[in-house]
Amino acid sequence: MNRRTQLLEAALFSASRPLSLDDLQRLDPDATAEEVAASVDELRHHYQAGEHGIVLVEVAGGLQLLSRPEFGEAIAEAQIVTRPRKLSAAALETLAVIAYRQPVGRAEVEEIRGVSVEGVLRSLQDRGLIDVVGRAEGMGRPLLYGTTMAFLELLGLRGLEELPRLEELSVALRPLAEMVEQ
Amino acid sequence: MNRRTQLLEAALFSASRPLSLDDLQRLDPDATAEEVAASVDELRHHYQAGEHGIVLVEVAGGLQLLSRPEFGEAIAEAQIVTRPRKLSAAALETLAVIAYRQPVGRAEVEEIRGVSVEGVLRSLQDRGLIDVVGRAEGMGRPLLYGTTMAFLELLGLRGLEELPRLEELSVALRPLAEMVEQ
Amino acid sequence: MSLSAVSAPPVVATSDTPFIVRLDAFSGPLDLLLHLIRHQEIDITDIPIAQIADQFLEAIDALGLNEAADYLEMAARLLRIKVQMLLPRPFDEDDWEDPRAELVRRLLEYEQIRELATWLSTQVELRADRFPRGWVQPLPQPEPPPLVVDLTELVAAVERVIEAMPQPVVHRVIPRPLDVEGATRRILTVLEERDRLDFRELFDERPTVADVISALIALLELARVGRLLLTQELQFGALTIAREPTHAAA
């Protein structure tokens, strides 16, 4: 592979979308269209000789390097692409806020956590740990979230009343208790 | 390349994170550890011959396919990949303290840096570069922080042992020790 | 890093050539202090504290209190060391403990951290030119592994939330010049009424940096001439001001 072909390979590898010939041309503005096409051909040949786990395919938007489909199942089974076993710290914290303050709107959760929680809310909802339980009064009637049965099951609780009460937690929790009363 | 090597190549290619030898072994449970190692060697050779835009590197306790650094600029300029946001001086200093003192509590980081680090800790945690790794004994049982695999990935390190050793720094602590004894 | 972002100040600063430093270019008071020391090629084991303290105060004077909180603590520390340096040394020099020793230790430790931060930054940049696979391939999804969460984790998460809750914002204030004389008068007036008070009682709800620094300088001066006693139980604890017994109220 010459240097230009290597550059195109690196770009096709790192891109999060298929690359058009225009995209590839922009990588090396000095190259002629023929030179770019020749590099693409070289790559296609290299990967299509059946010697590799990767192939170069033409999809709607352009060219893309993909792993060969026959390996998909083995990769999925080894859980190499997806590996969600534990909730992230961000998800746990959001879940904690919702558990203790439900029903609660997104704005309030964001105010407490000091960060945007849109994505986290969606993923908690996808996992069935929280759900929309109503709408608040007032402007925009924002959605209110609460925890689900699955949440209780996950924690092995019979009901929300079995969550540790704030007073029973360490001293660090007192400020929240005060805030809740406000 | 035999079929096993192709499978490993496809898996390394599909994962956007480093894969450990255990991960690779799980792909082909019938293969012996030696066979997996042999396939890895074959791949490494194949990509390291300087013929490709991609290389196989050891990072964060695993193996990862990455594009070759000399193409980074061209790919970023063609807007095919956006380079990650740069870390602020405050974030870098905080990471340095945590990397060397982990597990370490917020108070100690603040003592060393001489500033409040509440916001920085939170944003480093949100970026997945540090995480809570435990709690200290003693009053208030403060949270202890440590660096994550993502931190190693960000730096391209195989492990924490690749961080420079304190003795290698130009600012040695020795003159100080002498001074304190005076 | 931060240093290169600062326009070069004069090599030697005197009272008529004040430092012009952009504080936002510094990552904290230690960074600023190191800059003052290293830029003037001062021997770190023999810091002219009076000169450095003045330059430090000058640099932070323009700050609003909100940004200055971390800097104020350092200012107080410098002023305390400055006073300690003025106290007569014991006859036997071996018994003298250099009041600057702890500060020097912290500065050197911090300088190490800064060097490491630079290394990290270079490393991140090297790495930033190598990209991982950009596209996440949709693959047949196996049964997702069961989630693992327990109550302890949830409780820990609650505590983290509380710890990280945003602090109330103190509004930016317009800087005023220092008024040490006024602060001295106020302290003496209060001490005529009371035997002891907490440092914080000297201020109203929203003191300016100038207020705090003025009071600090006044207090340290009054302590030095023996008009009052300053005590601090813990390193970052409350500062208590007490009347010297010899100046007891009539």
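Letters A, B and C name the chains as they come in the text, with residue numbers starting at 1 for each one.
The rule we apply is simple: a contact is a pair of C-beta atoms (placed from the backbone, for glycine too) under 8 Å apart; a residue touches a chain by one contact, two chains touch by 3 or more.
All values reported here derive from a predicted model rather than from experimental measurement.
C-beta contact counts were set side by side for A-C and B-C; B-C has more.
Once CA atoms are averaged chain by chain and compared with the all-protein CA average, the nearest chain turns out to be B. Centroid to centroid, with C-alpha atoms defining each point, subunit A and subunit B lie 20 Å apart. If you average the CA atoms of subunit A and of subunit C, the two centres end up 40 Å from each other.
Centroids built from CA atoms put subunit C at 32 Å from subunit B. Shown for subunit B are the residues in touch with two or more other chains, namely 13-15, 65, 67-68, 71, 75, 81, 122, 132.
Across the assembly, subunit C contributes residues 131-134, 136-137, 139, 156, 159-160, 163-164 that each touch 2 or more other chains. Across the complex, subunit C is touched by residues 10, 13-17, 64, 66-67, 72-73, 75-77, 79, 81-82, 84-87, 89, 92-93, 95-97, 99-100, 112-114, 127, 154-157, 163-164, 169-170, 172-173, 175-176 of subunit A.
Subunit B contributes residues 1, 5-11, 13-15, 19, 23, 26-28, 51-54, 65, 67-68, 71, 74-75, 78-81, 122, 125-126, 128, 131-132, 140-141 to its touches with subunit A in the complex. In the complex of the two chains, the subunit C residues touching subunit A come out as 131-137, 139-142, 144-145, 147-151, 153-166.
Every residue of subunit C that touches subunit B in the complex is listed here, in rising order: 1-2, 27-31, 45, 69-70, 73-74, 98, 101, 104-106, 108-121, 123-124, 126-134, 136-137, 139, 156, 159-160, 163-164, 167.
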